[in-house]
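The first chain written gets the first letter, and so on, giving A, B, C and D; residue counts start at 1 in each chain.
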Amino acid sequence: MANYAFASDNTAGACPEAMEAILAANTGFTSGYATDEVTARAADLVRSLLDTDAEVRFVASGTAANAVSCAALCRPFEAVIAHEHAHICTDETGAPGFFGQGLGLIPLKGPSGKIDPEALQTALDQPDVSYRQSAAALSLTNATEYGTIYTVDAVRTLTRLAKSRGLAVHLDGARLANAAAAGFDVTAIKTLGVDILIVGGAKAGASMSEAIVLLNPSLSRRFDARLKQAGQLPSKGRFLSAPWIGLLESGAWIERSRHANAMARALGGLMPFPLRHRQEANALFVDMDDASLERLRAKGYFVYRFLDGSVRFMCSWATTPEAVEALGAALNAIA
Amino acid sequence: MANYAFASDNTAGACPEAMEAILAANTGFTSGYATDEVTARAADLVRSLLDTDAEVRFVASGTAANAVSCAALCRPFEAVIAHEHAHICTDETGAPGFFGQGLGLIPLKGPSGKIDPEALQTALDQPDVSYRQSAAALSLTNATEYGTIYTVDAVRTLTRLAKSRGLAVHLDGARLANAAAAGFDVTAIKTLGVDILIVGGAKAGASMSEAIVLLNPSLSRRFDARLKQAGQLPSKGRFLSAPWIGLLESGAWIERSRHANAMARALGGLMPFPLRHRQEANALFVDMDDASLERLRAKGYFVYRFLDGSVRFMCSWATTPEAVEALGAALNAIA
Amino acid sequence: MANYAFASDNTAGACPEAMEAILAANTGFTSGYATDEVTARAADLVRSLLDTDAEVRFVASGTAANAVSCAALCRPFEAVIAHEHAHICTDETGAPGFFGQGLGLIPLKGPSGKIDPEALQTALDQPDVSYRQSAAALSLTNATEYGTIYTVDAVRTLTRLAKSRGLAVHLDGARLANAAAAGFDVTAIKTLGVDILIVGGAKAGASMSEAIVLLNPSLSRRFDARLKQAGQLPSKGRFLSAPWIGLLESGAWIERSRHANAMARALGGLMPFPLRHRQEANALFVDMDDASLERLRAKGYFVYRFLDGSVRFMCSWATTPEAVEALGAALNAIA
Amino acid sequence: MANYAFASDNTAGACPEAMEAILAANTGFTSGYATDEVTARAADLVRSLLDTDAEVRFVASGTAANAVSCAALCRPFEAVIAHEHAHICTDETGAPGFFGQGLGLIPLKGPSGKIDPEALQTALDQPDVSYRQSAAALSLTNATEYGTIYTVDAVRTLTRLAKSRGLAVHLDGARLANAAAAGFDVTAIKTLGVDILIVGGAKAGASMSEAIVLLNPSLSRRFDARLKQAGQLPSKGRFLSAPWIGLLESGAWIERSRHANAMARALGGLMPFPLRHRQEANALFVDMDDASLERLRAKGYFVYRFLDGSVRFMCSWATTPEAVEALGAALNAIA
């Protein structure tokens, strides 16, 4: 069987803190559909993490979190500006368009997964014409798909441009924990003009759960109805919220992401192939020819060739130093 | 804090067998998006339960399961025939219309949650006109919303009528385990012309998971893309499938539902208020005036007044004989 | 061939004033997609008719006009309150749900096609719960489907109730000309809290065109993009707007509807069957058994048995006194 | 006022044959919603033109025709392959995604608006994965957006590739008349594997009307309900069908397009700027710097800079030799 340890940061299970919190929450009877006390406590913890009083909801997948958010920010005849390799553009089967009844995506280029401010300005300068879907929202991803980190100032530069044209802002934080572990101050998000923030749980060690944070309070009205209609308000809501109690009360959300980042750094130290992007979080992207990749796969490692042609190695809370050592040895053997 | 023990069969947590299976599955690295071996094994077990070789998928909520199914069976200018009090008609915030881009619902009356064959025939006899959404599917629910059970023959009578007019059939089995525990032969479903069956997990003791069974193989093509786009293909798929291993390998799926049904029967024996519907599964619906309901709530019990005006009491795998005794005493005290 | 003269008020062609205006507009080259001067002038005329400065657009069908409007006023997890026999509920193949991605309809009862204020109040008093589509808009129809007329005060009573709960208001004026001809002051609409008004063209003598009037200016932004995406911004826009110049400059819009109303009144004077609803506009609804209807159809007249079981006779700009005489004779012969 | 004569082939009005047929059809009472005899006759004429017995419907805009068609051929989690500059990709405000609830577009490159068979093959060779919208249909446009013509063999090459992978085929013939006038045999279309063909009316001299031809008979079921729900089944259907009687009985559909093509050829003979694409139909695309374009606009001519950076001149049935002369003189004065 193939070794998926470095294929993605979602091939790991749930970390002990998350799992223990699920077990602890699995007692007694509670009201349903996210009106329970476990969910209330988890939402409080997310608010504390971000130092905000925003509404918080928990959903079962990142695709759902992003698509519901885009649909909340745009009308069908409008569009979301995003990096061309953002998850919403490349890996979600058109979910924003499905949830948003055809809302468009305006993909922008930019190095290492980051939107270039000039490219954004150009997109914002497009005239509003009836035959095109004009932009109504900007979507950013931090950490990016290439494991790089926007600084708070870099986010602010982009959100300011967007806000000056009346756009809403969505921040996909599927790997926000990795960004935070790399120094991104998550308490600054509330000052950046972000309307909806997704705080990733699955990649940070949860079983399955992403937090939707409604920093713009005008979005809250009937949001539970929105989620229910979208199939994202399961009856036993505590199972989506409990892992957050484990992750946030213990500090595991950031500590285990720090570990993941460190593992990527360690792997970088052993890597015989040149890096395509700076290693700033829990990912490495390297230039590797097909023959080398074949040899690596022959050794049992399953990893992806990514959108930019590089080969991706992801670390997670579950990555061990031994596994990094072993992979490093395998890479050096086939390089 | 209110006592939610009898408010619904989804106020309980996950049963031990489900939780142990989750813990057992939470080891090592797996491929993502439901391509893992835990999911494969769970699907096998569902197939064994039903004695079929159909494709099986696992999703996070019953609303999602139903809505994705309706959308797979109808086009937007068509409609689903269902009992007027079916969950898809009354409790899912219009999710079938959202997932199906406006697909319609044709609600039928019928005693105790069951569709009357004559009412169905009348609906099927409506002419196909361009200004109305004509029926393309029939949706049945077993056990029904009123805790009654369709026999295999009763289902066959309805599905035959539907099939004779070219309709597809959806069977909402959110409480199929309770129906099975009451004698409904789930291995007969494959002979009944059902195209998509939902097998309920949450109400049978899972954390959160419902199984979609594609009995009509023509529906399988690109169904994973359908789920991914709908936000129902989470990366760590094992957490949706593992509980099924626990529930089905141990027999808990049916045994614990047998217990739930028995608890409802026991409560029926103590009930001072007249039953509105026959107790056949894990629910009791009784005639209770507002003043009595107020008194019951004052004793801490939260229960719902239902769509037909009766008051509903639900039992689950977690209902204890002691709790039934105590509720019985409370009811007799306030009657 | 059947005689469709009384089957509906859309079985007639375009009246001379409309057709002449189309011919007059069919000259030279214009910019496309409703940016032309014919369209500008027609919009001015609609504004004059209503004594308002609202934005006006022209679309090809009443179904499109209504559905685009409902979608502009509600989100998918919300609903439109309407009379149970309103056109949007019964005759548009679920178009509001299609354009609004599943938005719901909350049908209310009420005599002769009018919403009862108490029924509206009851609907407005429903609690906002996540599992139901809560009301976001009220839709009224004037003249109603049963040819009755809301007075300005009656509309105000209903819109005030709706507005007090934050609902938007849609007024379907497919037969607004008939209401106006019967005394409804269309210049009062701007004072009633209506957000979107549809002014009917087809039934008033246009070829095919309905005017969408955005009385709430916040709806204007990107409305052309909304229409373009919805397939309702044809390149040669002048053909949707020109008939309005003919209808409104000449006064035909109201004069010819006055004629239609008078024809219905005349037919009422000859009618041997009892009226089900008051004749106030251009429709008659009568109690007629199947055998009589059969005999009438045998005489070549095609008319509909309507939703409330009565048989409907519609008059239009093209109905002649002679045709009314002849129908009256036929009715008395078969009565 | 600007001169729009060469801005597009939809800036002209309706040609005399179309308008006379509208006038001729505007008599008496007919049944509604496209069940009338004018519509039946127009459909027969379209069938004769194409030598096919396919179902034919008439809608009010090309955007609607294309979007309804794409939605009929794909599910939301699938995609349409089209040239990157096809009208559905660039000029319809995302209508395919709106009508198809998020269906995707896969844009392909290719010279002068034509899809390159190798690019198509590469697209077809993409693996079917759950995280992407896989292709379910191929959309071709003839004449192309750049006024070039696919031969019958060129279409066949592309449709065969598509059909071999199970894709459906949509042919956008907004300018099919110009292609036919340039030698494309429209009676061959029925042999090419096209499932839905749009035959353009507006650009061929109609007021507003496009014909949808359902060459694949399995698409016919409930297609009128599809159109009604989409707002494309106006009550007075004869106004969408009558122009076809005028265009097709007289031969104007092709003769007037032959004239348009000839005018473009004549303009080409006078053109001082280099052509970017071959002139094969009624369009010229030329390389023109901004200063020259400014000078031309200063002379009153409104024309577009197109997607590929060239400047477009369109001729239509209404273009006169004198206007071509005058434009030629103007162009030579500013070159």
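General remarks:
The definition used in the following text is that a residue touches a chain if its C-beta (ideal position, glycine included) is under 8 Å from a C-beta of that chain, and two chains touch if they have at least 3 such contacts.
The model shown is predicted, which means the values in this text are computed figures rather than measured ones.
Counting the residue numbers used at the interface between chain B and chain C, over half appear in both copies, so the two copies meet with largely the same residues. Comparing the CA-atom centres of all chains against that of chain D, the greatest distance is found for B. Comparing contact pairs by residue number, the interface of A-B is reproduced by C-D among A-D, C-D or A-C, since over half of the pairs coincide.
With B-D and C-D as the two chain pairs, more C-beta contacts join C-D. Averaged C-alpha coordinates put the centre of chain B at 42 Å from the centre of chain C.
Computed centre separation for the pair chain B/chain D is 49 angstrom, with centres defined by C-alpha atoms. In whole angstrom, the spacing between the mean C-alpha positions of chain C and chain D is 33. Of all residues in chain C, those that touch two or more other chains are 76-77, 92-95, 98-99, 101-102, 130-133, 225, 228-229, 233.
For chain C in complex with chain A, the residues that touch the partner chain are 33, 75-78, 101-102, 128-134, 222, 224-229, 233. The touching residues of chain D, counted against chain C in their complex, run 2-5, 7-8, 10-14, 19, 22-23, 25-32, 59-65, 67-68, 92-95, 98-99, 101, 202-203, 207-208, 225, 228-236, 238-240, 302, 318. If you check the complex, the residues on chain D that touch chain A are 76-77, 79, 90-104, 130-133.
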